[in-house]
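As written, the chains take the letters A, B and C, and residue 1 is the first residue of each chain.
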Amino acid sequence: MKPRFIRSIAAQIALLPAWLIVIFAYLGTIAWTIRISFSSTKVFPTYDFIGLKQYERLFATERWIISGQNLFIFGACFIIGCLIFGFLLAVFIDQKIRAESVFRTIFLYPYAMSFIVTGLVWQWTLNPTLGVQQTVRNWGWQDFTFDWLVRGDRAIYVIAIAGIWQASGLVMAILLAGLRGIDQELWKAAKVDGIPTWRVYLHIIVPMLSPMFVTATVLLATAVVKVYDLVIALTGGGPGISTEVPAKFVIDYLFNRQNVGLATAASTVMFVTVLVVLAPWLYSQYFRGQRGRGA
Amino acid sequence: MATVSIRELEIDFGTLRVLQTLNLDIKEGEFIVLLGPSGCGKSTLLNAVAGLLDVTAGQIWIGGKNVTWEEPKDRGIGMVFQSYALYPRMTVKGNLSFGLKMAKTPHDEIEKRVAKAAKILQIEPLLGRRPSELSGGQRQRVAIGRALVRDVDVFLFDEPLSNLDAKLRTELRVEIKRLHHELGSTMIYVTHDQIEALTLADRIAVMNGGVIQQLASPKEIYRRPVNRFVAGFVGSPGMNFVDGTLALGGGAPGFVLSDGTRLDISGYEFSGDPKDGQPATIGIRPEQIELKEKAEDATILPIHLNLVEPMGADSLVWGHVSGTQFAVRIDGDDHVATPATVDAFFSPSQASIFDKAGGARL
Amino acid sequence: MSTTTMEPQGPRPSRITPARIGVYAFLVVSAAFFLLPLYVMLITSIKPMAEIRLGNLFSFPLAPTIEPWIKAWTYACTGVNCDGIKVGFLNSFRILVPSVIVSIALGATIGYALSFWRPRGANFLFAVLLLGAFIPYQVFLYPLVRMLSTVGLYNSLPGIVVVHTIFGLPLMTLLFRNFYAGIPIDLFKAARVDGGGFWAIFFRLMLPLSTPIIIVAVILQVTGIWNDFLFGLIFAGRENFPMTVELNNVVNTTTGEREYNVNMAATILTALVPLIVYFVSGRWFVRGIAAGAVKG
């Protein structure tokens, strides 16, 4: 039993920086941002109160609507793509193959790179005049087109592909750790029962790994909301505004377009969205913890 | 026909030879226990019989069929594991029926078998529960049930009771024995617990270093162990061993201890080829020593007694014979004064004498 | 001429089943997918511009040159200055070292306090920190800019270090708290019985035990901070721009023809430090992910 509430001044003092950060940098900033979103601040804080005007403006801005849509499209493709691809990578690597650590190293190295680096590399690779499209045409297929990068309706998928390239290794690492934690005798029992390997994965292993899937999804979702560097490096938000994302919207209006009021309104919307999505997961974690770990 | 025949089996892991040219014939309906310490190869042998391991040489025959290259599911076996290995996200019923569903067994047949197994193992009220909601003993029953529904004639048990506490172990041991009487199937059971072996087995194969040391009934193994290893492994508290030399010159055969004491071993049946002056070890079990009454064929064994350990029904009296530690079992109500030097009695026909060099029985 | 069939004995005949081939095929194709961009980066960076204009992305250079590397390092233009990306490299280090030290020191202290001492409000503190890790940081940006401006740390090196510490705290605290939760409480109790106070136990007992988790924390922080772009752009100030920001400047703000070979060389140089950390640390990197990802 851990001792509760030991009276220690030293401990309280040691936690002072933490308290300062939590109060000012976390709670304080959130409160302040929300406050500013109800004002008409342009660059320096103005504490007037104009109600929900900024929010109205926000949702009348086409750029913001497109950002939201892109976030959903990108988010869905990215998360689902990473989960499936990462799962397959983990499963195949777990098949007692030779050179396993070589494969693992190759699959995970993109995660060590900056999103800027990833974005630039993929921008270069998918450049229509000098990249993949041109190369394949030089090989003889004159009609080959892969100009998604510069197409307004497809560019967002390119960002998803680059994201999957970067993050699948992470999902693989998490799921592989889960796979390795599974009792070997379970495999033996399934073999004696005559269950084909793919069914073992489908009916037995995947349900057992569901906590890992949830963890991976949460991590990926966090990255989706934050996505900025990748978009800047890969498409700069273009062509036009077809790959705008909320994070970029906020930064642009905050620093370049000098409209802090609008930007903070946008930030608050993002914040509330995350809370709404996070609440059920946190709720289940908290209550699961109270009742004791089940299965 | 549910016989199992292991012929000239050899198993290597890389350069390590785990099983050495093993031969074992198991009769139909027999309950055979593979007993031995960790690393002796018993689990390896069981896994090879199950088809979960490839063998380096030799053959495995089950039910008159050569199954050396067959998959586990085609060998007509069911298996129970130490960690139960139940499918965690399925109900008990799901666990029992999953394998059958995979084999495309008709629905009514599945229901029939599941009901039958649940009845035999008394797990009917548990069918809707998940493994995480069951106790250890219940989980093990479900694991046995999963093997039962396969409707096979050979059951393999890989240390199934090792994860249970002592009380549960005793309970389930009886269950398994009862199961064997009810079903009459052939059962191969691996354990390192010699009590399980003695209570459950028709025959025990004591293994060490990849070799079967002795294959015999529990009684035979207990009374006439074939070498020093088997003698020391089976029986609790263990057999007492005292070193000495054989004195087979003239007169009654004797055993001379290191302190010069000569024990009369008339009545001992030599099975090997004893020589006069041969260095040997005599083994006498604690319950084979009498402190008070002299039996008809008993001879004298001088013991220094030091310490009494009361254990309820019996007591263990510790002392030494010729400098070697020695234990004597007496009734729990008896009283012995310590320290004391007494002349105890033992019947040489019950004792065992082993060659000092190789450990073989003489 | 006999027709006796082989009696099965010994090991099963080896099976090169289609399934096995499929596994390797998938892995090899996936590996190619992952390695392709790296390969493209490397060969583009040593090609002269003439070959690049031909548009053969995967072809080996006919006249390889390291001129792009030299240019990228020493005299590429990052906006106004043309001193190459080495400026960014130095800046990244100047940002990295203090940030890593401060964030880990703070995270270790907090994790230690939370795990063993449980002072009042500790759970609330931890909950807010954890929650903070999920919140999109756009919410924090403007107030942070204002606050740092007020204390004169905006657009400065100490400013960016503070920012990295703030945003690194949740993960660092989580790592250390979980690690210390795995240390037997009896060790701590024995130290208290021996008369140890808060700092004494920390420095003499816990810190020496913390080597594994410190390694993991260093790896995570080095990778995260070096690869950061946004905070460096906003808070570091023009003279302190990290390599990632400079890289973006080199690539995306050139007038005239883009020198792809120089850009690629600059990209590789920027990715070099975390990649080396990755390849050297191997297992520790994976352990870091597992420790950070498996929350609680």
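In the analysis below, a contact is a pair of C-beta atoms (placed from the backbone, for glycine too) under 8 Å apart; a residue touches a chain by one contact, two chains touch by 3 or more.
Everything numeric in this text was worked out from a predicted model, so none of it was measured.
*Asks:* Based on the touch definition given at the start, go ahead and assign the chain network to line, ring, star, complete or other.
*Replies:* complete
*Asks:* Between A-B and A-C, which chain pair is linked by more C-beta pairs in contact?
*Replies:* A-C
*Asks:* Relative to chain A, which chain has the most distant C-alpha mean position?
*Replies:* B
*Asks:* Where the centres are mean C-alpha positions, what is the separation of chain A from chain B, in Å?
*Replies:* Whole-Å distance between the two chain centres: 57.
*Asks:* I'd like the Å distance between the centres of chain A and chain C, where a centre is the mean of that chain's Cα atoms.
*Replies:* 15
*Asks:* Per the contact definition, I'd like the list of chain B residues that touch chain C in the complex.
*Replies:* 54-59, 66-69
*Asks:* Of all residues in chain C, which touch chain B in the complex?
*Replies:* Against chain B, chain C makes touches at 7-13.
*Asks:* Considering the complex alone, what residue numbers of chain C touch chain A?
*Replies:* Per the stated touch rule, the residues are 23-24, 26-27, 30-31, 33-38, 40-41, 44, 52-59, 106, 109-110, 113, 116-122, 125, 128-129, 131-144, 146-147, 165-166, 169, 173, 185, 197-199, 223, 226-230, 234, 244, 247-248, 251-252, 260, 263-264, 267, 270-271, 274-275, 277-279, 282, 285-286, 289-290, 293-295.
*Asks:* Contact residues on chain A for chain B in the complex?
*Replies:* 183, 185-186, 188-196, 199, 203-204, 207-208, 294-295
*Asks:* Going by the contact rule at the top, pick out the chain A residues touching chain C in the complex.
*Replies:* 1-6, 8, 10-12, 14-15, 17-19, 21-22, 24-30, 32-33, 36, 45, 85, 88-89, 92-93, 95, 97, 101, 103-118, 120-122, 124-125, 129-132, 134-135, 137-138, 165, 169-170, 173-174, 177, 212, 215-216, 218-219, 222, 225-226, 228-229, 232-233, 236, 246-247, 250-251, 254-255, 260, 263-264, 266-268, 270-271, 274, 278, 282
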